[in-house]
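Down below are the structures I want you to see.
Each of the next two complexes has chain A plus one more chain, namely chain B in the first and chain C in the second.
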Partner chain A sequence: MMDRLRLLLPLAWRNLWRNPRRTIITVLVVSVGLWSILTFSVLLKAWSVSSRDTTLKLMTGEGQIHATGYLDDPTVAHRTAQPGGELESILASPAVTAYTQRLRVAAIVQSEYKTLPMTLVGTDPARERRLSVLPDRVGDGRYLDGPADTGIVLGRNLARRLKTRIGKRVVVMAQDENGKLAERAFQVVGLYAAPQQTEDQFAFTGLKTAQALTGIGTDITEIAFVTPDDRDIADVLARMKASSPGLDIQSWKTLAPLSYAVSTFFNEFILMWLWIMFALMAIGIVNTQLMAVFERIREFGLLQALGMRPRLVLMEVTLESAMLIGVGVGMGIALSVLSVQAFPNGIDLGFLGRGAELVGAGHILYPKVDAGDFVLYSLIVWTLGVVATLWPARRASRVSPVEAMGRF
Partner chain B sequence: MTAIVDCKGITKHYRQGSIDVPALRGVDLAIEQGDFASLAGPSGSGKTTLLNIVGGLDRPTDGTISIDGQDLTALDNEDLADLRLRKIGFVFQAYNLIPVLSAVENVEFTLQLMDVPAAERRERAKEMLQQVGLESMENRRPSRLSGGQQQRVAVARALASRPSIVLADEPTANLDTQTAEDLIALMSRLNERYGVTFLMATHDDRVISRTRRHIVIADGRVASDERRTLEMAG
Partner chain C sequence: MIRKAVFVLLVAAAMTAPAAADTTAPDPDALLRAAFDNWRADSSQTDMTMTVHRPDWERSMEMKTWTQGDDDALVRFTAPAKDAGNATLKKGDETWVFNPKLNQVIKLPASMLAQSWMGSDFSYNDLSKANDLLTKYTHKLTGSTKDGPHTVYSIDATPKPGAPVVWGKRTVRVRDDGIMLGETYYDQDMKPVRVMTTEKVSTVGGRDYPVVMTMRPENQDGKWTRIETKTATFNGSMPGYLFTLSNLQNPRN
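Let's look at the complex of A and B:
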């Protein structure tokens, strides 16, 4: 086999460059096609990751635990006790990276100028920091000090709409455990930046403060958690559900279906794009190789006349294609890596305004070369390209020496 | 004398639309070890068809042909290619060198197909180029060689694998007078010195006059088969 390769490799390589223009055009077709596949896959993956992270790292986490019925009617009537027993062991185990308890209740916030609906979230700031990026997004003022903090952290846009600011007071009204309206004045201690929808919806205070406002003792309405690898979440969820059959335990895929849909759609889109580009490339490659075979039909006849077995002729033409596509694949990979490295600080989607937020993407996309994806897509293109050229190669190997050479 | 090529009752018919055109009508011919033979005949007489069949490039419609005792009609395409590689050397009218290989690589090509070790291969190829007087041009590609030089490389290639027989089709047709004379002298010398068997289809009287056996084909049959001494031929 090695002897055969030593015979065929130089022959195939030199034959490639007999028509440099055609070879260069084919290499460009393959490299630009693969570049588009790889670069689109990187961008779509960055968008998908951004969409997922935006959702998961703001509030959702990778999974949440509620009392049954809370997701349909998110009031304190559907609350649960602090986690205990087997559930607490799982939450404290290495299978869970971090978790936080929350009291999350629909409320009304009132400034001296305006009254607006929002969701009041009572939380433990130390735990929340390990799970959510919002504590680090406080641009003005401060985040909460502890579960007993009586201040309130508003989204920038909510504060603007309320015409309030740091140091001013707002009144929050929510239903207590008996369905009666409870209210309390809070001092605005911080303003956070997030997608506008989040800024408008969520205001944060200490967990104990919210529990006192709603009169539910030490109960909570939500536990959010993250795992070391969200591919293992199904296992963690199963263990949690087995330990607490009375609770409603869901993964982010159920809780944030839009983000999950965006993520899966992009994966499908990458595959669709790969097939479309490959079909276009295959037409170019097969056409080029057919032309090359027809132009050299006399030569293939000669090779067989000299004693080259038809099987070796097939190998020779296939090897030419493998090299031709291989060069294109190499260039396509290099172009893609360069394209991705051209954005070391990410791609700012500011020009899209709120458009990106609406489909859940963050403000900046961080494209990253995934070696596994690059190898996989390149191998697919290379293999399918070589398979596509088996047709012209087979024609070359089946020529009759007499017919190919016209006359002996 | 041992027969290298043995044709018995060879017929060949081509289909042209619905018409059956006979090219060979029962050829019996034996080419023997050391023959230096010319195959002549008018255009359309069937000499090229016969050469194709003898060379294993085409199959007869009927009859049997064997080379070194091996029946060609029983071989599939892969084995036929193998037989051409080991038993037959070809010299074509249009030289037909591989354009991307140098002179020495062209000569080495068939040896490489035969899995001859690299060192021996290169030595034999250089030796053959020396025999045809092209030792100083071994690294030139065909595009940088004259027609005569290319044909000499083709002869070297045909001989490098030490075949049982060399088949040449109008080897001098594209060459000027002097180059043609030189090539005939070269092939004649190789035949005399090394006993290489040659069968050449040709119209060229210079070739015919130098061969010791002259076969004439007419209407798909052997019309005459004359053996002569070189004095008679020359």
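Let's look at the complex of A and C:
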């Protein structure tokens, strides 16, 4: 076997370059096809990571704890006490990187000119900072000082719609403990920048201020937490659920379904793209290889007349294809790596403006080569390509020497 | 209800406080409060016309209103046919609307209370936050002018610290006999946002009364809402069923 390979390998390699134009065309087909598959996978992965990070780091965290029923009806009626006992010790353990307690209720904000619905979030700024980027996105004014801060931080766009600004007063109305309307004047102390939907929805004040407004003592409605990257969140969730069966504990996959959908969708999209590209490549490869085989019928006849077994002819043609596609795959990988490295600082989606927010992506995508994906997709393309060329190879091995020799 | 809106918003006083006219510098707080107290002790029944004017159209609606004390008000539209039967009931802090076409009573959520009422330049809040001006502002007399036999006082109302109001201030013009002559709402930059003016004072229901009042939002040319009181009865007794949801949906009057 090795002897035969030693004979066939140089033969196959030289055969490839007997018709360079045909070879180069096939190599190009394969390399461009693979390049598109690999580059798409990198981009989509960057998109899904960006979408997840953007959502999770704004407000969501990786998991949240609520009273049962809160997610369907976010009012203070569905509130919970501060975490205690085992839940508190899990939250304080290394299994949780950071957590924050919030009072998050549907509310109405009123300025001289407009009345708009929004969500009032009472929070402890020191804790909030450890899992949310919003405190650092305050462009004008300041973020909250502490849990007793009586100021309010609005999104830029909400402030614009209210025609209000830093230093002015807005009135916030929310449902209190007894279901009555509670209202309070807040001074705008800061404006934050975020995706427009977030800017319009969330306004922040001190946790204690919000608790006083709604009259619920030290109760809260939400705990958001993040876990270390290298640990499985499912494990932490299971332990939390076991410790507090009365609470509704969810991971970001439930809380931010769009981000989760994006992250699973990209895998399927890449597979679909792979099949489409592969079908196109296969047509190109099989077509050129069939042409080659027909052109070389006299050659195969001669080889067989000289005593080469049909099996070896089949092997020889298959080897040629394997090398041909192999070169194409190698070039495809090289092209993809180069393409990715052409954007060392990420791809700025700024030109899409706020449109990028609609699909949940952050403003900058950071494409990264994933060696595992590259090897997997390349192997799939290479193997399937070789399998497709078995057809022309078989045709070559079926050539009858007498017929072939008499043909020209 | 509209009467209430008008009065309360504007801090109108239906009854005269003749002593005020003689005092060189009346206490603005007391002036407003006396005016309010006079009005609040009343119950009232009025027939009004509300005209909503917009740059390219104008329409008028006829309505009947009943008020009792500080908290209860009922407004029912009687014309044109398109609007007849629409009614708004305010009882305490709660407001309901009835739409005859839907045959439904809807309780207004807080988010709706700042919305326009029947397409006019008044909001539901104008109806339900009736005595804001008395309780949430501090009052200061800023000047007085002579208007024939009467003195007209200008009063600045500034929000008390921490009071849940959005206005920068409100200025009110009250005649010495407790007739509301105008009110301006300022934003927190002290730019006027909307202006209410009394265009005609005459006798109705046995007392001097601002019978024609117009609300104009600032910087919106050609937009205003005028309310004209045609007949009024004050201090009549109100049947107990009047301010009920049942009466809102199935009128007994």
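Rule of thumb we're sticking to: the second predicted complex is superposed on the first by the 370 of 408 C-alpha atoms of A that agree within 3 Å, B and C clash if a C-alpha of one lies under 4 Å from a C-alpha of the other, contacts with A are read in each partner's own complex, and residues count from 1 in each chain.
Definition applied: contacts are C-beta pairs under 8 Å (C-beta built on N, C-alpha and C of every residue); 3 or more make two chains touch, one makes a residue touch a chain.
Everything quoted here is computed from the prediction, not taken from an experiment.
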Touched partner set for A:Lys168, first chain B, second chain C, both or neither: second
Touched partner set for A:Glu268, first chain B, second chain C, both or neither: neither
First (chain B), second (chain C), both or neither touched by A:Arg311: first
Chain touching more of chain A, residue-wise (chain B, chain C): B
Partner chain(s) touched by A:Asp229 [first = chain B, second = chain C, both, neither]: neither
Chain B versus chain C as contact partner of A:Asp72, first or second or both or neither: neither
Which superposed partner A:Arg14 touches (first chain B, second chain C, both, neither): first
Complex interface listing, chain A residues touching chain B: 3, 6-7, 11, 14-15, 18, 298-299, 302-312, 400-402, 405, 407-408
Residues of chain B touching chain A in the complex: 48, 51-52, 55, 57-58, 77-78, 81-86, 88, 90, 92-93, 96, 98-101, 109-110, 112-115, 157, 161, 167, 169, 201
Partner chain C, residues of chain A touching it in the complex: 108, 110-113, 115, 117, 164, 168-171, 173, 180-181, 183-185
In the complex, chain C residues that touch chain A: 93, 110-111, 113-115, 159, 162-168, 185, 187-188, 193
